[in-house]
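Shared chain: subunit A. Partners: subunit B in the first complex, subunit C in the second.
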Partner chain A sequence: MILSFKDKVLSILSFLILFTSGQPALGDTLKVCKSCSYTSVKLAVQQAKAGDVVLVEGGSYQESGIEINKPLRLIGKGKPVIDGNNTGQIITVLADDVTIEGFTLQNIATSYTRDDAAIRVIERNNIRILNNTILNTYFGIYLQNSNNITVKGNVVKGENTGKTESALGNAIHVYYTDNVAITNNIVQGHRDGIYLEVVKNTKVHRNTSQYNQRYGLHFMFSDGNTYTYNIFRNNGAGVAVMYTDNVRMEHNTFEDNWGAASYGLLLKDIRNSVIYNNTFRRNTTGIHMESSSRLDIKSNNFERNGWAIKLMTTCIEDTFRLNNFTGNSFDVSTNGKSQLNHFEHNYWEKYSGYDLDKDQVGDVPYRPVSLFSMLVEKVPPSVMFMRSFMVDLLDNMEKVLPSIIPENLVDEKPLMKRIEHDNDRKLTQVLRQTAGTP
Partner chain B sequence: MKLLKSIATLTFLAVLSACSVEPKPIPYGEANCTHCNMTVSDNRFGAELVNDKGKPFYFDAAECLAAYLVKQPELQQSASFVMVTDYTNPGNLVDAKNAHFLQSEAIQSPMGMNLTAFADELTAKQMEQEHGGRILTWDQVQSAVKNDTKFQR
Partner chain C sequence: MNKIIKYVLLDIIKSKIVIAYTLFLLLLSIGLFNLGGSPDKGILSLLNLVLLTVPLISIVFATTHFYNSYEFMELLVAQPINRKKIFMSEYLGVAFSLSAAFLVGVGVPVIIFSTGLTGLYLVLTGVFITFIFVAMAFLASVSTRDKAKGIGIALLLWFYFALIYDGIVLFILYAFGDYPLEYATLVMTALNPIDLGRIIVLLNLDVSALMGYTGALYKSIFGSVWGVAAAFGLLLLWALIPVWSSRRIFSRRDL
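The block that comes next holds the complex of A and B.
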């Protein structure tokens, strides 16, 4: 009786030991350091078997052309530096289930014929690229024809001063690849911070993309993606979403994207997408929209932009609700009379109407397009007459007797107070009250 | 009096030269594409159309220029210059009609149609052998753009 009990305990114990130690026992660990049996990352990766861990200790390794062709984990301990010394691509992933973590990868030269990157993944699944620092490379992380990739916590910094645009690659370049999570990265000094071409089901979350020559984030033909809580700052332009459907853009900040041809967000040929709770601050143009339809633009803040929204007449069935427009030189500008979009319940700082029935909704409609903004759209240099007496006179006359500004571009229910997006209760109150008005 | 005359002639010449119809270098990084509004930034791919009055329109890629012409065929006749960039000679514009285009998966162009232009036929053929794909004329590029489902929708 006692023996059998002992047996039971033993068998359970041995099972537990086997079970818990089973995980690391799967692969060996190959150490790389100056005094280890491996002094080269490349050699260790070559010698490793599938499932092994290659552990690289701090120090500097002058290497490039490391090819990972079996599932393994390449881990840097104490931020080892792999310096490509401008001799070509540093790491190429040619196997599934690979993790690359904790390295500093640096120095890749511009090449017009090969798009060399610090880490390139070619036609693979389940790759994790975590907490690396990538400095002064042509492309940073390049994913092509792959699936299920995590890119998290990396810093990719290019050197873009004094370089022409074509001498720069993108920091994170994703091409024909689905199911990518791009989270908590800092990307700067490249052509585009994050570039997606024909990409589906991808989440771009909590990244900072700044000082890039062209765009912070760039979509081409990439349907069904989401980007949330990112900061796009000081790029040639913030984000360009082009030829794409079903994009969710929420809680992002677009700021200081400033320059003659610059904007916070460019929408070109996009459909069925939502833009919620974003902040557009100090951009030349907050959103430039053309050929874009069925977009829901709600609860955004437009602060101190040159133009908050440029809405081209090729846009139809777009809805603008509960947005705040404050301190913009122009709230909305357009290039023609026909307007098939809907504005409702926005707060316009320039609104000078009244609210006699105290329902927080202005009693007279607001037309956000001024005559002067139409003029500037047609003859850009006329912007020099801004805030002149004549322009104010014209604008006010037009307000009384609209003839040139589009008649249908109007907010029939402008709000009297700035909307606090954080306070949902207040918001629903406003909604409830306004819903009750005839 | 003589001075006045020479100043007048100079001003007249300056006015004349300002009106001359000729291609202008593409201001990379500053201009937006006339067709897609993307910043024209890669000097291996820029394209340009100069209309009959000498006004230049810039494009980020040959496919955007082609799409613009497909949309407005009347420009085809009236335009003074229709130019694309020689891929092997970045920043250098050549007449689109005389250029040789390679469409190859191996070389990605800014607008997803993988088009590159070459001034020299031999170079185009060499690139085709090296990277694969097919060689197109400017007319074929335009019909390819017309039939492209993701670009023309």
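The block that comes next holds the complex of A and C.
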């Protein structure tokens, strides 16, 4: 087969173009240090060609407004510090295929009009932000209208003592950006730890979000995201998620979110989502659910919360299975009589029934809503009478003859023993079998 | 006066009821701490015990003691001793012996299993409750000569403070649920020493922070040093008023 002349020229040309445009690995390395030919990161970035590596060695650089407008790798060796000195944004990424790794970026002042961040990515693809430390900034990492971003191993710490909510930015702020991997970051002291708005197909994995003024994790209109193995601790209002479908939340820990309006997890208008194997510990409210439907809440631990679950009557077709409820002041509370949710095979520490046939399933149904919790929902000051004999008496009377508590909110098959979620495959198999046979 | 207190104390110890009471408390406390798992849980269960049994036993024991030592008191009144002194020695004798029983029965296990501020509050509350209910018992006793009637009044007082009062307040809260009741509730709890004691201990356990907005409000009131001091001041008042009024009745009454 003979190629035509035109085809030959085309193939040679394309080869040449490929070669000259350069693969990233073959680029030059531009060193930046006090005694190198470049002493400024900004200058080195300006001089670099596409595909180069800018290697910054340890030391402190007083710079801001570094604009990366070609694909390159900006790498810090020995944790160099780029100090913005409150003069504005430090690094702006305006090109695809950029890596920023190993820096300490610090000091950005609050800027209400520009939303200055330590690293901002605007409308770009394939960006990697790795192992940076970002201290005392307005926004930490700000991704907007981008795609395919990796944010891994960063530490973002802000100072929020004595600041109002509006004077604070978010540690990791993602807006209209898809396919983001946020992994192994530690975020604290900002307004929201991780903020996602209109973000799809994103994985948030093994992050620690703590001591933030408002929410540890906050997302809205962000369908199809996965949140696994994160720790949300001591945030002003816990974790709030709204108006989203197809969320997977697994193996997260929500703890010590204490306060007047604080939740471990606030669910508002969430649909078709799964919440598996999470731990809710010492929160004012473990999960607050509003207008949320078709959720599968399975194998979670609720320990020592004020309210383990607040289930508003606007929630329908939610399933609660194989959860442990231990040491909570109130297990479940609700605000009305109608209930269209399903509870089955949970372990309730307060359950006092018996199990005659020894199948580990209690023979008497358990009603997790107490009369007192209904009263507290209606008249909050009556919480002062918690553990009074009168209250215990009324609760027990109501349990025998339910008239005020919702009749349908009941676990017909409560478990007798606490479920060890890691190694109880056998039990779940047994339960499945017994559930199958009438 | 010290001499009379000594005689009263000796008399009480001879009757062995106080020793039985001490052992009962000791056994229950140790049992609850060992069963509960965590010390906090133990404290919570103990709180229920302290608020139910301590007032009951204090009030019944003090009333029966008062009527049983009527002859002794008549004998003393015949001597040149101030009636107020006789009354106060009787009161302090009973209150001290019951508090000592409480301190040994509950205080010692608390120190062993759960030393801390909450434990201290629990023990203090128990001692105050003892003094308050012994005072109420004496008030019931001086108001009538009839022993059965006196014990009836004492039991009714216990029933009122331990159960009925909470029911009434809950009913009021429910009926007026549309109004802001935060401070009204605060005043209403101050009108019952048992509620006051329960709240002092409860708000200093860490469950307190878990009670939402209103819980946080009360926590900020009772969590501060001044709040706790005010609460214990109110408890002191709850002891002083019945003692003072029953002493007045006793010193003016025809025995």
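We adopt the following convention: the second predicted complex is superposed on the first by the 403 of 438 C-alpha atoms of A that agree within 3 Å, B and C clash if a C-alpha of one lies under 4 Å from a C-alpha of the other, contacts with A are read in each partner's own complex, and residues count from 1 in each chain.
Just so we're on the same page, a residue touches a chain if its C-beta (ideal position, glycine included) is under 8 Å from a C-beta of that chain, and two chains touch if they have at least 3 such contacts.
What you see is a predicted model, and the numbers here were worked out from it, not measured in a lab.
J.: Have a look at subunit B and subunit C on subunit A after the superposition and call it: clash or fit.
T.: Result for subunit B and subunit C: fit.
J.: Just subunit B (first), just subunit C (second), both, or neither: which does A:N107 touch?
T.: The answer is neither, since A:N107 touches no partner chain.
J.: Could you tell me if A:M220 is touching subunit B, subunit C, both of them or neither one (first, second, both, neither)?
T.: Touch status of A:M220: first partner only.
J.: Using the superposition on chain A described above, determine whether A:T284 touches subunit B (first), subunit C (second), both, or neither.
T.: Second partner only, subunit C.
J.: Where does A:A261 make contact in the superposed view: on subunit B (first), on subunit C (second), on both, or on neither?
T.: In the superposition, A:A261 contacts both subunit B and subunit C.
J.: One more residue to check, A:N132. First (subunit B), second (subunit C), both or neither?
T.: In the superposed model, A:N132 contacts neither subunit B nor subunit C.
J.: Once the structures are superposed on A, label A:S370 by its partner contacts, choosing first (subunit B), second (subunit C), both or neither.
T.: neither
J.: First (subunit B), second (subunit C), both or neither: which does A:N301 touch?
T.: Touch status of A:N301: no partner.
J.: After lining up the shared chain so the two structures overlap, which partner does A:K378 touch, if you call subunit B first and subunit C second: first, second, both or neither?
T.: A:K378 contacts subunit C only, not subunit B.
J.: With the two complexes overlaid on chain A, what is the closest approach of subunit B to subunit C, counting only CA atoms, in Å?
T.: 9
J.: Which subunit A residues contact subunit B in one complex and subunit C in the other?
T.: 259-261
J.: Which of the residues in subunit A end up touching subunit B in this complex?
T.: Interface residues on subunit A, with respect to subunit B: 112, 115, 164-166, 175, 191, 197-198, 213-215, 220-221, 236-237, 240, 242-243, 259-261, 266, 268-269, 288, 290.
J.: Once bound in the complex, which stretches of subunit C touch subunit A?
T.: Residue positions touching the partner: 41, 44, 47-48, 51-52, 162-163, 166-167, 169-170, 173-174, 177, 181-182, 184-186, 189, 195, 198-199, 202, 206-207, 209-216, 218.
J.: What residues on subunit A touch subunit C, complex-wise?
T.: Against subunit C, the touching part of subunit A is residues 258-261, 282-285, 304-307, 327, 329, 375, 378-391, 393-394.
J.: What residues of subunit B sit close enough to touch subunit A in their complex?
T.: Within the complex, subunit B contacts subunit A at residues 28-32, 36-39, 41-44, 90, 108, 111-112, 150-151, 153.
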